[in-house]
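Since the structure comes first, as structure tokens, the remarks are kept for the end.
Chain lettering (A, B, C, D and E) follows the sequence in which the chains are written, and residue indices restart at 1 in each chain.
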Amino acid sequence: MPKQPLLEINELKTHFHTERGRVTAVDGVTFHVNEGEILGVVGESGCGKSVTSQSILRLFDEKRLAQYDGEIKLKGTNLLELSDEKMQSIRGNDIAMIFQDPLSSLNPVFTIGHQIAESILLHQNVSKKEAYEKAVEMLRLTGIPAPEKRVKEYPHELSGGMRQRVMIAIALSCEPQLLIADEPTTALDVTIQAQILDLIVEINKKLNMGVIFITHDLGVVAEICTRVVVMYLGQIVEEANVVDVFENPLHPYTRGLMKSVPQIDGDRSEKLHVIEGTVPALDNIPKGCRFATRCPFADELCVEKVPELREFKNGQKARCWHAEKIAEEDQEREDQYV
Amino acid sequence: MFNYIIKRILSLIPVLFIVSIAIFLLIHITPGDPASIILGIDASQEQIDELRQQLGLDLPVYEQYIRWILGVFQGDFGTSYFSNEPVTTSIIEHLKPTISLAILAQIITIIIAIPLGIAAANRRGTVADQSIMGVSLLGMSIPSFLLGLFLILFFGVKLGWLPVAGYQPLEAGFFTHLKYLIMPAISLGAIQAALVARMTRTSMLEVLNTNYIKTAQAKGVKNRSIVYKHALRNAFLPILTVIGQTFGILIAGAVVTETIFNIPGIGQLIINSVERRDYAVIQGVVLFVTLSYVFINLVIDLLYGLIDPRVRLDND
Amino acid sequence: MSEQQIVKIGKEQETPLLDIQGLKKYFPVKGPLGNLGGKKGMVKAVNNVSFQLFEGETYGLVGESGCGKSTTGRTILRLIEPTEGKAMYKNKDLFQLSGKESRKMRQELQMVFQDPYSSLNPRKRIGQSLEEPLAIHQIGNKRDRTDLVMDILEKVGMRIDHYYRYPHELSGGQRQRIGLARALIVNPKIIIADEPVSALDVSIQSQVINLLQELQEEMKLTYLFIAHDISVVRHISDRIGVMYLGNLVEEARTDELVESALHPYTQALLSAVPLPNPKMKKERVVLKGELPSPLHPPSGCVFHTRCPFAMDVCKQKVPVMEARSKDHQVACHLYE
Amino acid sequence: SDTTKQEEGKENEGETVTGGELRVAYSAQPPSLDPHVSAAIITAEVMGHVFETLLTTDSEYNIKPMLAESYEQSEDGKTITFHLREGVLFHNGEEMKAEDVVASMNRWKDGPGGRGQFENSTFEAEDDYTVVLKMDQPLSTALNSISQGSSSFAAIMPKESIENADETSVKEEDLIGTGPFTLEEWKQDQHIHLTKFSDYTGLEDEADGLYGKKEALVDDIYFEIVTDSSTRVAGIVSGEYDIAHEIPYDNADQLENDPNVENQIIPGAGTLIMFTNKKVGPFADVKAREALSTLINIDEMMTAAFSDPKYYTLNHNMMMPHQEEQWYSDIGKDKYNLNDPEKAKQLFEEAGYNGEEITIMTSRDYEFMYNAAVVLQAELEAIGVKVKLDVYDWATLLDNMTDETAYDINMVWIGYKPEPTSHHFLNTQISGWTESDELTELMEKFRTQPTLEDAKPVYDELQAWFWDYLPAAKIGDYNRVDATRTSVENYQYSDRMILWNVTNNK
Amino acid sequence: MGTVESNVGLTSVKQKLKKEQRQLFFKRLISNKLMVTGGMTILFLMIVTLIGPFLVSHDPYEMVVQDRLQAPSAEHLLGTDEFGRDLLSRIIHGSKVTMGVGFSVAAITSLLGMIIGLYASYYRFLDHILMRICDGLMSIPAILLGIALMAALGPNTKNVIIALSIVFTPHVARVIRSAAIVVREQTYIEAMKAQGASTWRIIWGHMMPNTISPLVVQATFIFADAIITEAALSFLGAGVPAPDPSWGNILYDGKLVIFNAWWMTVFPGIMIVLSVLGLNLLGDGLRDLIDPHTNQGKK
């Protein structure tokens, strides 16, 4: 890659100290985000997407709760080595974040206008009044009706989707270089979702902002992402551009995921496809491939040896001993149909 | 809300009524009476009886009560058996030093306690936290008379910086006023500060782990501002309650401190009137104190809603 | 497929299990000092909504964010008191039940909350939170309960050792599954599920949806399924209701709704569903116009401000729900 | 100019400086400032500077004229004529006349100061400067009562003040006397402020006790009400107060070592005594009372109460040691301070004591009472008597004094009395239900003597009765310790603190 | 939904998990430094209270008036009081009454305060009534109440406890209420209602644990205050009957001689601090035990 990526994560590990001992929720994650790029992150529930994203901002209490390893480089500076004060100036300014859980992530005692305006005041040189006006504007952009009235309301008076949009407004109002959006549209109806996606893409274009977009909605991924990272149990199992992920996924987990999507025009009477088995516990991780317990392709090798993330054509990467075989199979099947 | 305030003010009437009856009964099961105290140890039974009759103490309790309550309705709280001063005047006179003292002590409490409590919560488990909490425990367990005496001995007697005791009204000049109040305010404030500091710490601990604090961090809000704005406001209800209570206690009279520092406040008035069984004054003061508690608590309840919009005491 | 469907359609002739009639919920808007200075107005969160749930069916409720779906759900369970309306369940109006009766009733009517984190007591371990409903309805002894909880954990795709975790240690999707497990564990008759799968990845989502369907078959469960993901709603629901700004604007059998949506809002909604195919970009019906607020809902048809087909009558007259065909009703002047 | 002032101040050191103020830390607040109605000693200590009496006493307790120029008693002892001094001014500028004296004295005699003595007597004005006291019987204590300067002294105030008075007392603004200080202000619970009365015209004789020249050498006196004893001590050490009333005995040594403070030991401040319940319970039997009196270890009790012999005197007399000149008797000396537990035990047995619980009543409002009671409790328990110690607040204790079920032994103090018959334990009502015809007779006999001189032999009889009947068990007499700053000169005490002729050289 | 027959393997996994969890709980209990230190302190005081009286060499009531106010020495380790009684044995004998009063008052006020505060916060109509009662109770002067109760019921420790409980309960109630009214509005309480939980369960199972923290703070404060106020009341005859010792009494006696007998205030003072400290640590530890965020293991 000729250009320096906006964000580069190398072998990031996040450990939590729990009553049951130390667990590694994110275990050696490596990826990058370029300027102006929208990177999709998908993966099993509980695989560490949120933890990874919050680790980028170092939001876990390092004194008591968490410990980070590896490197998180924002334009070359390793965030993990920064002082608390420096880190503070990066949060919100350079990197903004939309949290997954909108109700508990909004401060119950401040009006939403206040919360948005605060963020504007922090990062832009404007008067209080202007900040409030801007807050109203941001809310309008996210499609909240009667925003002049809504700014005066408190989080508990809003519907789930509205809260989520407030979170989005807060994050976008900072005009960051990097936006981390953790399932930002789950509580939105599709029309509003479309509006929000447009908004994110628009700002992304305008500011050349990098976006990490965590979502479960593969439709959304297909619509706005350029590249996708697939995670499983604290690790990246596949990384590819969006077309490859959908058309020829190399990792069995990705394939399973693709098959599970309910189609708007699918057969309703058929059971949805599921990936059999459950995710192993973080404190009881299999010796070899982490997906081996649930993988239809798994053999001795998988159980014994940890696969590396290997690169294939088009820069597609996968962490699987049998990636080639799977690719071939796919090829064959496609050939048959053609 | 308006309705709520009206309701609260109306509820004052039964409260005062019941308190007045309770206090009347309480007084009358309490042995001792003003007559025997006024007349002293030498008095004979006849003399006492005679004075009791003069003071109307020989009437049945309910009749005394009715007489008194009828007076109250006309704004007359009676006169002190001792000083012959109208009770209202007495209360107002004694209230002045008390209010000054209460405000000053409260300021000291708030200035010391809240930042300390926050600092401790922020540094949970560290040496700083432990020492702050250690000191506050000490503060909690030290009787106010001891602290007062230590202050007197050190600043009053040893260093001679401050007058050991007494009171000068505000008319004597602000600094003179302050000079006399500063030590009692500290000795009162310190103990209350200990409570408030601890309350602050625990309340803050509950809040600091929440997601919205993370949001604030992610927004890039300065640490100070996170703690003082985002977290404190959420943690503030119990703190405010304690502050309100201590203020109430101060208004109701910091008996020990006022005695040690010889401040003619409500606390002294209460203890003296109880010691002298000055019924009229006791009744008046208790009613007054009830009134102030109801008022302070009303203000605090209203503040609850301002601080935390989810709390609406006036719903339904 | 057909067998199942037929059974249900047959059921529709019968009396509904839950009959919501003219439900209204208005929230007063207050200033910082509450009512001081008078009420500032009312948010008409739910405005005259009626629908029926039949035993064993899944009723999908979709609609714009903030249109009152959650409020509808919460009001039915009387977690907030309704302003007006009736909810007939087993010949009783839920809104008239005494405290005790309605507590009893709640074993049969369960709710999955939209916000999974805040609906879990942060101080309780997952297991404790899940055992609670069992204890409330006196199901099993202490030991059985633990077993039951561990079973249900596995069913919703969690591990039994999650029993001893605290909510904050879980991921968003895990919490959501806990919420669902809590509703399922007491064998209810009706589950009001407010976005029960939105935070799940598709494979777990499939697993959960399959589970819901299995249970439904097994135990004749009835779902009120509130969601935004139309594909999911389509997959699971027998009938779908579409809400807009506190009103129910269209209601139809699933296939019919998806294939021939009548209401302009429904059409817009369906067109906005993103497709999981990066190569296929589809034309969306983009809604224009100012978004109305439930504080001051527009006169006439609430949708007229954004409706591409708005007519004069829409501004004046409130359209009423009318059956267009069997099992398909719509409230729109276009079809009068 | 500041420096010059300071230097002037220095030059003046050593000489008597007039002017300035005196701050007296007083331990209690008076119930009233009207000496006619208040029986509290503080009323006398404060108002003794404001009011004067017709007669007064010198340091030897000789009766001397004060507002009266002279007085004479009739042969039969039933009339006493007072010739008033002319030109004596009240603080309001009016001259004192006979009508004022008559009004004052008639009011006084019905109050605690005269009650029980002057019931059938009247004061009448003969002319503007002559007042006559008419009695239907001679009264030995008459002159004594009129001249005494302790509580309920016979203050002279204007007639108008008395006419204006309400049921209970004279109004504050009417508290107008003839003394060297005027009452400026009484701030409840705070202070009583006296100022110099510049038109004061008193006697020119040398000051002696309450008699003689009274000069207000300071401009202001503040009686600060300081109820907490530690605060009084701290205040006198720091110089906040010039005089501290009633220093706790345990602190006195410390003050003695302070070069800036002087202790004033005031003899005969009171008597520590036990009233026994003679109506019901074991002490209804005189044998039990004898047992009690035989038992007690007076040294131990007095040490526990007053810490050091400096501060108390062992005395079997009903009257105080400093009154020995006037009142003394050997009777009872052999029965006092026996400290014989064995004999006591035996006496208790003889009295039929059979293990019932004995209640000692006391109050911690006076710490020494409590201390003595605790020692008594231990002593009684040591000989197998079951004891309960009930501690009350002062008001309750006063109330309980007339409740026969409340106590068996009442451990209290009583104040100094100028003559024996006003003593508590001779009052049948309040000393634990004394019932003795002999006492009634003796009292009558004592009082109806024309003069005290004539009554003195009866005192011996009273003393004998006291030790026979044992209406109360006397423990001992105690002194009071006041502390003064060394800058305060000429602090005197006679029945009460005397602040005239006192300078404060601060 | 029927109970799924769990196979043997799964049962044993469950068994193991449960066992592990129990072990973890004990581990956490032991590794909870606050709780252990607090517990040890309280245990120590208990031992002093129960066994101490048999170990001291002096009779706490024996007076040697000549030896009054002796400084600490080999004979009297902590010196003597104003009657020449041995201070050490008085402090030890006094701990029973003191701890009794302190703990009882703290426990009674906590319980009553919790009941009042929680129910007032839950039922609006009760709020008006209960809080107004509290306002009224708060304004009755403690000394008057003390004297009156003593007169009505006689002076003993029980009445002290009653009087102090009456005085302090409203304080606890208000603090609990302030914490509870926020908890009441939380979604998880709504969720509990949706489960059909009884009011009892909501209040005691869910709201109460969330008000423990302020309760602990307030209760320890009351504990300390009660010990000291007991002494003030016994001056009015409403406290511990003389000559029984209590720390507060010794302290108050010490006040009178504060200028020349420091040991009279310092030693009982230390004991009070120690007990408050112990109680407080125990409370904090308890709080931590139910606080999920502290249950995170240490680094």
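What we mean here is this: a contact is a pair of C-beta atoms (placed from the backbone, for glycine too) under 8 Å apart; a residue touches a chain by one contact, two chains touch by 3 or more.
By chain, with names taken from UniProt: A = Peptide/nickel transport system ATP-binding protein; B, E = Peptide/nickel transport system permease protein.
Everything numeric in this text was worked out from a predicted model, so none of it was measured.
*Asks:* Hop distance check: chain C to chain D, minimum number of steps through touching chains?
*Replies:* The least step count works out to 2.
*Asks:* Using C-alpha centres only, name the chain that sits farthest from chain A.
*Replies:* Of all the other chains, the one whose centre lies farthest from chain A is D.
*Asks:* Write down the pair of chains with the top C-beta contact pair count.
*Replies:* A-C
*Asks:* With chain centres taken as the means of their Cα atoms, state the distance from chain A to chain B in Å.
*Replies:* 55
*Asks:* With chain centres defined as C-alpha means, what is the inter-centre distance between chain D and chain E in Å?
*Replies:* Centre-to-centre distance between chain D and chain E: 48 Å.
*Asks:* In whole angstrom, how far does the Cα centroid of chain B sit from the Cα centroid of chain E?
*Replies:* Chain B and chain E have C-alpha centres separated by 23 Å.
*Asks:* Could you say which residues in chain A touch two or more other chains, in rising order?
*Replies:* 16, 18, 64, 101, 103-104, 156
*Asks:* Specify, in ascending order, the residues of chain E that touch 2 or more different other chains.
*Replies:* Expected reply: 24, 147, 151, 185, 187, 255, 258, 291, 293, 295.
*Asks:* Counting only residues that touch at least two other chains, what does the list for chain B look like?
*Replies:* 30-31, 149, 209, 211, 308-310
*Asks:* Along chain D, where are the residues that touch chain B in the complex?
*Replies:* 29, 31-32, 37-40, 112, 115, 151, 166-169, 171, 187-190, 224-228, 230-231, 234-235, 237-240, 365, 392-396, 398-402, 412, 414-415, 422, 424, 427, 429-430
*Asks:* Over in the complex, which chain C residues touch chain E? Could you list them?
*Replies:* Touch list, chain C to chain E: 74, 77, 79, 99, 102-107, 110-111, 113, 115, 118-125, 132-133, 135-137, 144, 146-148, 150-152, 160-161, 163-164, 166-169, 182, 184-187, 215, 218-219.
*Asks:* Spell out the part of chain B that touches chain E in their complex, as residue ranges.
*Replies:* Residue positions touching the partner: 7-8, 11, 14-15, 18-19, 22-23, 26-27, 29-31, 134, 137-138, 140-143, 145-146, 149, 194-195, 198-199, 202-203, 205-206, 209, 237-238, 240-242, 244-245, 248, 252-253, 255-256, 270-271, 274, 282, 285-286, 289-290, 292-294, 297, 304, 308, 310-311, 313, 315-316.
*Asks:* Which stretch or stretches of chain E touch chain B in the complex?
*Replies:* 124, 127-128, 131-132, 135-136, 138-141, 143-145, 147-148, 151-152, 171, 174-175, 177-179, 181-182, 185, 213-214, 216-218, 220-221, 224, 228, 232, 248, 251, 255, 258, 265, 269, 272-273, 275-277, 280, 287, 291, 293
*Asks:* Spell out the part of chain D that touches chain E in their complex, as residue ranges.
*Replies:* My answer: residues 229-230, 233, 248, 250-251, 253-254, 300, 303-304, 307, 363-364, 367, 370-371, 373-375, 377-378, 388-393, 396.
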